[in-house]
Each structure stands twice: as C-alpha cells, then as structure tokens.
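In the two complexes that follow, subunit A is the common piece, with subunit B as its partner first and subunit C second.
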Partner chain A sequence: MATTPFAPLLQSIIRHRGVTGVLLVGEDDGLVVDSVLQVGVNGAAFAALTASLYRKARRSAEAAGLGRTGYFELDAVDGRVLAAGKNELVFIVVAEARINVGLLRVELLKAVERLP
Partner chain B sequence: MADDIRALSEALAVDPSSVAFVALAEALRKRGDLDVAARVAAKGVERHPSLVDGHDVRARIALDRQALDEAAASWESVLRLVPDHRDAQKGLGFICFQQGRFAEAAAYLAAVAEQDPDDASVAAALDTVRAAAMAGPRSSAAVTAPVADERERSTTMIPAVEEPAPITASGVAPFARRATWSRADAAILFDDLLTDVPGAAMHLDEAGLVLAGRYLTEDGRDLAAEVGAQLSGVSDEATRAMRHFGFGAWTQIVFETEVASVAMAPVGQGLTLVAAARTVPLGFLRRLLDRAADRIRAWVGE
Partner chain C sequence: MRMSVAASWVEAPLKQFVDDARVHYAVLLHPSGQVLGQYGFARSVDVMTACALAAAIDASSRALGMLVEGKAFPSLHYAGRERQIFLAEVPAPGGRLLLLAVFDWESSLGLLQLYHEEFRARVGEMAPPIAHNAPAIAADFEKELNKNLAVMFGRA
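Then we have the complex of A and B:
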C-alpha cells in the first residue's frame, strides 16, 4: 500500500506494546483508507466490522439522547478493539487483551484530533 | 444563582407583597438553604394563600427536609385550589408510597395517568406501586429510609413517584438471598451503587427488555426501556463481529459520548449496562459495571 498522509499517525500507535494493527477506515463503508498490520491480522474484517460496530454505537447513542460518540472499546477474552472517529473516518486499534488501555486510549484520541 | 437570590431578595424587600417569594424560595431550595427557603415560602403563602405555586414550592421544600407530612399538607392545599394539579398528585403519590400507603399512592398516580395516558414514567410508577401493594407492606426501615438525594430529585418539579426508598446498607444484603422479588425491587436494584455517581444502571433480558434498574432523566422520567432498546443493538452487533475477530467472546463494551460514558457486559442471557456522566472516570465506570453485574447475578440466583 502506498504511503498516505496518515502513515505517521498509524505508526505512532502501532509501536505500542500489544498493538497488532492500526487502521483508518471510512465509517460508512468500512473500507480501509490506510493501515499498519502485523502478519495474520485480517485487516479487512476488522475494518468492516468495527466500522459497523462504531456506527451502530454512534447511532444508538444518538437515538438514546446521549449525543455524539467519540471513543469506543470492545473487550474480548483474547483481544481488544479500540476505535474513535472524526469526520466520517474511524481510527481502529486492534490489540492483545493485556495492553495498557488507558495509554492507548489517550494516543488514539490524540491521533483522531490530528485527522483533517 | 447567588445573583438571582440577591436580586429576588431585593425585589421582595422593595415589595413584600410580591410573588417573587416563589422564585426566591425555589432558588434557595436549589442552593440547599432549606430553612431559609422554608421561611420565605411560609411567609409568602401567608400573604398569598390562593397562590398555587406558593404551596407547591413549599411542598417541595418540605420534601427536601424530609418533612413528608408537611409536604403532603401543602400539596393537598394545591389540590384544593387546582384539583387536577399534576405535580401535586405526583408528589402525594410519592409521599403515600414512601409511607407505605400504596392504595392512596395508586389513586393519585392513576389520576395523573388519566390526564396523560402517554406518560410512560407515570405508567411505570403506577405499576411499581401496584406491584408493591400486591407484595404487601414493606418493612418500616425500608419505607422510611432517607432518600439519597431528595433535594436534586425534587428540583425536577416532578417528584420521582416511581422511586421507592433507596436500598440502604442494611437493605442490600437481603436482595441476594430473596427467593422471590417484586417489580418494585427490580427498579431499585442498583440504586445503592449509584448513590455517589450521577448515572444509571439497568439489566436487559435476552430480548432487550428491561429486567431491572432504571434510567431516570433530570425531570424524573424513566427512559430505561428506550435507552436499553437502542443500546442493546450494539451488543448484538458485537456478538456478530466476534465470529470474525478470533478473540473469543466479548466481555465488555465501553464508549464515550458527548454527555455520558456507557459500559455494558453480557451477564447470563442478558446484558447489564451502566451509564454515567462524562465526569465519571472510565476506570470507575468499569468497576461500577462489575458491581452491577455481581448484583444481577446474585439477584437472579446465578
């Protein structure tokens, strides 16, 4: 994949311990805009399904009167997915279960702030 | 608020017959100056015995001071002036419920429901009261337990009549041991966990219906069913996604919105969900979710 203007943002997150993939995807279509993935991570699946999940959370929260969704996190037995969006783009972080969530959340929100 | 109180005090000083005492008493009540608020309201009502709002604010101040009989007397005065005054009927329903007079509470709430059949919060409150009536009289300790934040509740002008007394420290443990439970218990199951947290907790069954807990808005409406129905869709989507992620089952979802942080976890066949103001740290919210999940497990006997 050719380098995009988002590469430095992705690189700033992938370097954290336990992170196996970072993707920037379109919120509506779930298509990958840019990504950095470790071998074996199914980027397309994480992109499409996490974007869908994020969109669902955003719409549900709005319908429930909670306003716009910023940060989203899905924890599972063997891994975590973090997401945050801005301007129809969603940053997705795929990580192992045992990561420093607090640190990654801050990094993710910082990265989102730098999105155009 | 201090400026408002000063301005209203000055207005009242200039014209003691002014009805500004209502706004002043209300502002003092909101600030927590209950004794002063009560004096202002009492003096105002003395001057304006036919002013409905005067009796109403006096009732709410009395409620804040835990003076239930005094609050009831003021709301009864309101009803003498305006027989179908909604807030007074709700307030009296709440007080009767607090005092274990379920039939009277139901009668007041039924009158409110008749006026506004579409008000889901009143219908829910009525259900709660009727369920409590069927379950029999509550222990005096539970009925008379002080309300966690009566002042904030009554600032809404709509006393949360659907709220029974909160679970007190001595009242929590029996939940885990109960073989049977009523709907009234269900609504307040998580209340003691939220004493110091501006938030809500609820548990939804596998069909997305509220099994326990509530989601009260500032004006006293219970939106648990609406919020639960919306947010339970997120968990369905997560379950579908997990089939492709290879991460095993999902254990928790957390998201932050403009006004709230929400955390949810699958518990048994259902979903436990907590929401709190953004000021509540996420780590605290997760622990709150854990505690709510433990509570529901104990409650359903898992």
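Then we have the complex of A and C:
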C-alpha cells in the first residue's frame, strides 16, 4: 500500500515485538486507509470484519450508558486483536498472544491521539 | 422479507450473501436486466424497475470505465444519507451476471466487498454456463423477463 501521512503512526506500533499487523480503517465503511501487514493476514477482510465489530461494540457501550468506547481488545487462542479509534478512523492491531498488552495499549492510544 | 428465485441454483448463494452482509435488498440479474433471484422486494414491478436501472447503470459505468481506464469498472458504490447501493459484476461460467445490493449503516462497504467475493466464488461453482452466442437482447427477452417475475411472485 502506498505511503500515506499515517505511515509514521503505523510504524510506531508495528515495531513492537509480537505485532504482526497494523491497519488504519474507516469505521463506517470498513475500508483500509493504510496498513503494515505481515504475509498471511487478509487485510481487506480482516479490516472490514474488525471495523464492524468495533462499531458494534461502541454502539453496545453507548446503549448501555457506558459512554464512548475508546479501546477494544479481542483475546483469541493464538493471538490478540486490539482496536482504538477517533473521528471515524480505527487503528486495528493484530498481535501474537505473548505481547506486552499494556505497552501496546499505551502506544495505540498515543497513536489515536495523533489522528487528525 | 422474502426471497424468491427464478433459478434454483441462485437460492443458496443469495441467501448466504444476504445473511452475511445484512443487506436490505439483493438482486442477482443478467446484464440485460433479466432477474434471476431477489431478496427484500415485495412487488414484481419494483424488482423489474430495480433490474432495469441496475442494467442501465452497469452499461453506463462500463462505458465510462472503458473511456477513462481502458477497462470496465468491476463494481460501483453510492452512499446515500440513509442507504447505500453496491452494484458489482459476478463472473459466471461463460459470461457475467450482476449483483445489486442495498444496505444501511449497520453494514459497510468493506463487508459488502468481502461477502461479494465469497458470493462470486459460489456462483462460479454453481451457475450453469451462459450461452456465448446469445444476443444481448434475445428475441424472447420480454417473455423470459415476465416468466421469471411470474415464477418469483407466484403467477407462473
């Protein structure tokens, strides 16, 4: 994918040990704006499904009166999916199960703050 | 909401697409405008109108694609305030079909693209061959069009 103004933000996340992919995705349309992915991840399909999941999680939280969802984490057997967004853009991170979640979460939220 | 099909092989892939992509309306048609299956419409006249418009949009966008890019655009998306349309080519053995889908903000263009890919694969496996030498508008087009609508809406 061509370099976009978001490339430095993606690079700040992908450099962490155990991270296998980072995508910036439109929350409403589920389309990839920019991404850094290792071979083996179907970026377009993953982006569309995870953006949908994030959007529904955000709406669930709002419906429950919990306010806006800022951070979302999916814990699977062989890895994790982390997502955080702002202004209709969502960062989605694919990572191995052994990552330092706390550190990655901080880095992800920092990247979100730097979104326009 | 009801699904109706003019050819039995259409039902399984179309149902799967509707279930996965959460669309309000879906129509599988020939580029000529002849319907093969639909979900969501209650009246045959609405299906006929949607097919005619989809066929016209496809013809126009193909011509525009050839003009500006040297090849036809494979899909088209339009986002309205409440609803969006997705019109895409579906290759079938020996020819091509069109899928028209109408969805709202509960779904997304990304999901439509994803499930369209799966739909294409299923149609490629299940559709019977389309005749190569058939004219764009067959002599019995109107009869066939009406027959398909009658089969789908119970007036066969």
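Note that the second predicted complex is superposed on the first by the 116 of 116 C-alpha atoms of A that agree within 3 Å, B and C clash if a C-alpha of one lies under 4 Å from a C-alpha of the other, contacts with A are read in each partner's own complex, and residues count from 1 in each chain.
Note that in this section a residue touches a chain if its C-beta (ideal position, glycine included) is under 8 Å from a C-beta of that chain, and two chains touch if they have at least 3 such contacts.
Here the structure is a predicted model, which means the values were calculated and not measured.
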item	value
Which of subunit B and subunit C A:29 touches, first, second, both or neither	second
First (subunit B), second (subunit C), both or neither touched by A:103	neither
Partner chain(s) touched by A:75 [first = subunit B, second = subunit C, both, neither]	first
Subunit B versus subunit C as contact partner of A:47, first or second or both or neither	second
Subunit B and subunit C contact sites that coincide on subunit A, given as residue numbers	45, 49, 52
Sites on subunit A touched by subunit B in the complex	42, 45-46, 49-50, 52-53, 56-57, 60-61, 63-81, 97, 102, 105
Subunit C residues touching subunit A - in the complex, by the definition given at the top	105, 107-111, 113-114
Subunit A to subunit C touching residues, read off their complex	25-26, 28-31, 44-45, 47-49, 51-52, 55
Interface residues, subunit B side, partner subunit A - complex	223, 226-227, 230-231, 233-234, 237-238, 240-242, 244-260, 262, 275, 282-283
